[in-house]
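Everything below concerns the one structure shown next.
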Amino acid sequence: MKIGYYPGCSLTGSSREYNESVVALAKALEIELVEIKDWNCCGATAAHVMNEELSLSLPARIMAIAEEQGLTEVVVPCAACYNRLKMTQHELEDDGKRGRVAEILKMPYHGSLKIINVLQMLETYGAENIKARVISPFAHKVACYYGCLLVRPHSILQFDRVEDPQSMDSLIRVIGGNSMDWAFKTECCGAGFSVSRTDLVAKLSGNILKDASDRGAEALIVACPMCQSNLDMRRGAINKTLAQPIDIPVIYITQAIGLALGIGANELGLKRHFVNVEL
Amino acid sequence: MSKIGVFICHCGENISATVDVERVAREIGGMEGVAHAIDYKYMCSDPGQTFIKEAVKKYGLDGVVVGACSPRMHEPTFRRACAEAGLNPYLCEMANLREHCSWVHEKSEETTEKAIDLVKMLVEKVKKDKPLESIKVPVTKRALVIGGGIAGIQASLDIANTGHKVILIERDPSIGGHMSQLSETFPTLDCSQCILTPRMVEVAQHPNIKLYTYAELESLEGFIGNFKARIRLKAKSVNYSTCTGCGACIQKCPVKKIPSEFNAGLGTRTAIYVPFPQAVPNKPVIDRVNCNYYKRGACKICEKTCQVGSIEWDKEDEIITEEVGAVVLATGFDVKGTDFFPEYGYGKYKDVLTGLQFERLASASGPTFGEIRRPSDGTIPKKIVFIACAGSRDPAKGIPYCSKICCMYTAKHAMLYQHKVHGGESTVFYMDIRAGGKNYEEFVRRAIEEDTVNYVRGRVARVYEKDGKLIVKGVDTLLGGQQVEIEADMVVLATAGVANCGSEQLAQKLHVSYDPYHFFAEAHPKLKPVETNTAGIFLAGACQAPKDIPETVGMASGAAVKVAALFSNDELVREPIVAVVNRLAPPLYSTCVGCFMCETACPYNAIEHEEIKGRDGSLIRTIARVNEGLCQGCGTCVAFCRSKSIDIQGYTNEQVYAEVMSLLND
Amino acid sequence: MKKLRDRVAALLDEGAVSLVIGYEEGTKRPRPLFCRNSESSGKLIFDSRCFHNLAVYVTKKELVGKERFAVTAPISTLRSILQLYVENQLSEEKLLVLTVDLNGELREFVTFEEISAYVAQFEMKRGEREQEILSKIEGMTREERWKFWMGEMSHCFKCYACRSACPLCYCTKCVVEVNRPQWINPWPSPISNMEWHVNRAMHMVGRCTACGACGDACPVGIPIDLITRKMMEDLAPEFGYIPGQPAKQGNALSSWKLDDREQFIR
Amino acid sequence: METKYISQGGMAQWFESIIASGKRVYAPVNSRGQVDFKLVKNLSEVADDYIQTTQSIKASVYPKAEVLFTYEKDHGKVNLSDFDPETIPETVLWKVHPCDAAGFKPLSAIFNWDSADKLHNAHLVKTSVISFSCAKADQSCFCTSVNGSPGNTAGSDIQLTVLPDGGAIAEILTPKGEALVALLPPVFEAERGDKKEQYLVDLPARFSLEEVNAKLNKAFNSTVWKEQSERCIGCGACAFVCPTCACFDIQEDVHGSKGRRIRCWDACGFALFTLHTSGHNPREHQSQRWRQRILHKFSYMPDRLSVVGCTGCGRCSRACPVDMNILEHITSIAKQ
Amino acid sequence: MSSSTEFEPKIIAFVCNWCTYAGADLTGTSRLKYATNVKIVRFPCTGRIDFLLLLKSFAQGADGVIVSGCHPNDCHYTSGNFHARRRWIAFRTVLDLMGVDIRRIQYSWVSAAEGSKWADLVNNTVADIRALGPYAEYQKVAEYLEKEGFDEEA
């Protein structure tokens, strides 16, 4: 089974463990990830605030070269990149913008590429053989945290339910985990303010962690590098604001499934977390 | 040579703003066949109409064209004016210079030329007009009212009190509709049951009203004054003539866990049930979906307990036919369920209720006998939050309109809560308070000032459950947009009022048009609110748009008087816009060759076979004939007839041809 | 052939029918024959060269008179007779239908159902003349088709042989003779000819059985039978009817389906 | 009237000179599987191995649809522009058969019967006919029975009889003929004494006009009309291809306030040809219409205009969808 | 509107009285602007619109035709629009076979509540027909009479 793969900057930088776990899991599920050659940055949320043409041309180039390399479908693990690519694909349905971007890229852009996030990949290609390959069930009570970019804007992404998404929860159940019902699934973690307004991130992420731990969650499952870094890396600042510190780990869905499939902790990059992971 | 009078209206300046009306009158004045052409500021005004009348008499006009607004608006007005002046009304036509020209184009040369073309088109049409006499059709002086809520009840009583027979059909086992589910009503807080049940009993006992409950309209044929309604009496499995309504069977019925529709799903009911104590008729019905006998062929306990043996297991649905002259649609409205709102938990939190469910809690005949208790654990909520505009005024949710009554019943709910739960704390999140009715504003002020209801202006972003409490996250826009978080015990959503389910199918059965939200479309928003575009079918109550009880009752009486007007004379005068098969001298008799393709095309099967016999009685030919009583004038047969033997008065082939030719040539 | 002649002679002698319409040998090819007595039945012939659609005569009251009459009908005439039944132009008591089937047997039909059953065995295929011209037309672009038909239409001189030859054109006064308003200009000019033939095709929707009588009758040889045939072939699957086997009730144009094609409607 | 000889090459050059003179030349052309008169530019287009064109050449002097006058209504005033004879170009009809040429006489007889028809005569004046005698015929031809013959020169300006060597005997018959010859006189050499009759098809007469005329005078109420016309389906094909049929209908082509009065062909075969507005139709049955067609040509015209309304070209039989063979019908009447 | 030399198409709209005519009224009451090229002819129902009228419109100089009525199931006379739709399918098939440019006939459903849809329909149709240019091909042939020897130029 061959699918195009676009890691994006954070998976080769601050969230290397997400990349390692995705690659390891894909190998275990016999899904061949074909990384797009010479891919470029997707511009993330910063670009579309400053310059619309730039914010459209960057993702358009990624898709254009992917199409050129014969790929029909590309998995984008990072929620921000997934969001940008899907939004650009939608924006470029308007001929005026498409023309302008084609001029900038100087290469053909069809917009026929199918962009999917890691949950969609696991649901469509992995669901059966994950169930078959579970060696040590992931018997933990966890809270699945989706963040905002993974499900919004719903009218364009058309992925899962907006207020109470279930796709990660069902995957956790498949590997024997107990995903609990809690209220902060799609509340904001502070995202880009991580550097400029760490206090805000501490407050917002703090609320999320507090609600999860109050309800007895042993870990938080995420599918976006931005959320993971805010909830994990900023744990020090968060614990300062809370009455008593919270030490539940924050791991990726791919790592949780990897564990259930018996893949080693190093291979899944579990050693790189700030809040160490004993599960 | 025809002598046509042309009258161009300025319509104040609605037309003259972009169309050079003087030039239009001047150029049309020069047209062949036009004897008199003027322009005037308000043609539809009295002086305007007298101009027409005088011109008809003075110039002996044999045709009138008025260039003004849409014929759908003032055609009857000008036709009546011509009739009074002695000119056959069907020789008067209107050119739509306002909606189709002046309002939709900028002021320019082309706009005026288009106006001239439109008037010229109608002048050519009038030249080919023939005087027509309206058709007299007998009227069945019996009305059909669909829907037994307060609207249907009021309309039925008013019509019955004018001495005419009424057939009232109601889909549920009892009449009463949503009003019977309310505890108290704003703005006077008088108990809903007390003011409604007397009317329900009056309906049941009124000699002129024939009441069919648990019945739905199967189909409606015919036309104004001559409808034939086929009504499906759903099998009640109880013989109402012998049943005394003692209720023994209801006690004994083992199936007790069916969610009660009347209590909006809060309480439960038995398989054989009466919806609520004051139901009319106060006799039970067997719910065949949940009854053990119908599910598994066992039980029959109710039959054993019934002393008069009125259980009829294998009673079938019965279809009865009623001849009626008019129909009043009073099918009411519905409210959105809590599952419609993702941000308030997709309906999975038990203590997030709709306004209707709160009514049932507050009602003495409700599941909690009037005490406000939490459906989850039965405790009395100390803190309650009301969220106004849940779904309404929200284009993203597809409901952009305001449901009109929620502000008032939310204030009422808060007031009831404060009266019933001393020391309770209620908060209302609102956008704007719409309390426009009589004593409405005072009522809301009373809730705020006397009953200390805390009104917070802002929307609620999310409601989620934590440790048994409902965390309401909102904002207070009057305090600088400060975020507000309340740990409430109960949340009541004032959900949007939407059209009743099945309203679209009903509208299609009656050929009544409906709006994008499936509310029935009135003939004119301002001037004909109780009529529909289909002659003889009237509207009452919330089936036309969400509205409160005073308005509904007013509208129901309005519809009743329309029906009474229709029944006031024995014959109904109908537009002579019907099809006619041409007749010629012998030996041809008619160009119709009797292929009867028109008969298969006619939706009203108004085409009959007519046998032409010679003097010696031998059959010469069989040709088509139009029954002018049934024909509604759609003209489909005319466009189908290969030999052009059938034509429709008012839109004859010659007229339509002349119109097209005048538009394309100068 | 001989069995047919004897049967016809017998019918006429017994007075079972007052007239038998059949074919006789003509100058170049067979032509219609009207036998009113048994002697003239001797001239009857019935073979594959018999092409004229005799159904065109069954609706002419002045010709067939009041009593019962018979017609020898090849397959094209049978199909037209079925359509005439559907359009209330014939009555089963008045018409006896004779035909010779594939293996030479003489068959007699009285009711609509009998004829339908018999006709159902025959499949309706294009002859190679039709195939050749139609495939040429189907290959053309819109502009080429317009130029082709306008060229053809300029030859038409409005003799209305196509209308007279068609059994389904039985109107006493045709739409072209309606002059208030004058829908179709009666004088020969390319546009009025085109209007006439479009109108003729539209009047044939759901009715035409592609018997080819119109094309054969056209003195200037315009392939007008292909217009109605192509229309029939395109619309039959669309409207769900089988050409030549009409349902007893209704007509394809005056009935409708909920899911009729409407992509072209905005 | 003089007889000349013209060689095959001479004929070609002569044809070129006629074209060069700017005259409109119509000649039989084989297209779409039919031979009909069409505008031609060079001799090669002209068809040769055919018996008869489908349509007659009547259309050159009596078009199937022509504008009588155009008018424009202007607020009560009407300005009218009449038919302008100058607009009709000089026309030469090449390779017309004698029966067609002979058709002009009865046709013009009708058009000049009581009032001279301006349009028809204007066409006629501008038209010159170069006819070719007939070397072939088929069973529908019967010109010899109606005072005609394969070599009949009536109605022609010049008649050519093609000789085996490709050249032709040229009989110059009228001043128009001389005018045509004057275009290229050298090609017309002296007569070589060939006998024209040798090159004409031998067509025995089938009936005698007098006998038919006599029978017809008594045949008005005979049953022959019903028997013969049973298979006639009442179309206009025979009338429209006939060189002598002259019935026409008046129609109106209106565009708002402008319009044109148009004359177009009509046919007595149509059922509603004689329908009165009262609904009465004097010729209600097909047999009456068929009788009218025959009597008009073989009885009324000879009696009133002393010209037979039929030139025996046989087109109506060939064009008739149901094979109403006029020769067969007339001979059967004659033999009764 | 532009009164420049640009080609201004002549378009006729055949509409049904109950839905599209009322929809056009609503366009008026909501003051939406659209091109002046389109003139509306009122019919009781789309079922009443005769295909010969469309033919006559082109012969008399129309460049485009709009035919619009009630949405399926909304017809005031129950089945007028269904009959019309079936007739339009047959008519388009025949016209296309004869080579008439069927892109010049725009069919649509416009209900009484769709004022803006009517305005868009008109504007889009005017733009489409303007792009197609005048229907000279049809009108040129319409004037010819046989006398002018039409077949030579065919």
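Chains: A, B, C, D and E, in written order; residue numbering restarts at 1 for each.
One rule holds for everything that comes next: a contact is a pair of C-beta atoms (placed from the backbone, for glycine too) under 8 Å apart; a residue touches a chain by one contact, two chains touch by 3 or more.
It should be emphasised that the depicted structure is a prediction, and the values quoted were computed from it without experimental measurement.
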Those chains which touch chain C and also touch chain B: D, E
Identity of the chain that, by mean CA position, is farthest from chain E: A
Chain ID, smallest distance between chain and overall C-alpha centroids: E
Chain whose Cα centroid lies at the greatest distance from that of chain C: A
Centroid spacing, where centroids are CA-atom means, of chain A and chain C in whole angstrom: 72
Intercentroid distance (Cα basis), chain D paired with chain A, Å: 92
Cα-centroid distance, chain A relative to chain E, in whole angstrom: 53
Multi-chain contact residues (two or more partners), chain B: 588, 601, 640, 653, 657, 661, 664-665
In chain C, residues with contacts to at least two other chains: 155, 157, 172-173, 175, 183, 187-189, 253-255
Touching two or more other chains - residues of chain D: 64-65, 255, 262, 284
Complex interface listing, chain D residues touching chain B: 73, 75-76, 254-258, 278-281, 284
Chain B-touching residues of chain E, taken from the complex the two chains share: 1, 3, 8, 10, 12, 17-19, 21-22, 24-29, 31-34, 36, 39-45, 47-51, 53, 56-57, 60-62, 70, 73-80, 83-84, 87, 111-113, 119
For the chain B and chain E complex, residues of the former touching the latter: 70-72, 96, 98-101, 103-106, 108-111, 113-114, 117-118, 121, 508, 511, 513, 515-516, 521, 533-534, 577, 601, 603-604, 632-636, 638-640, 648, 650-651, 653, 656-657, 659-661, 663-665
Sites on chain E touched by chain C in the complex: 51-52, 55-56, 59, 72, 79, 82-83, 85-101, 106-109, 121, 137-138, 141-142, 144-146, 150-151, 154
Residues of chain C defined as touching chain D within the complex: 26-29, 31-34, 52, 56-57, 60, 62-63, 155, 157-161, 163-165, 172-173, 177, 182, 185-189, 213, 216-217, 219-221
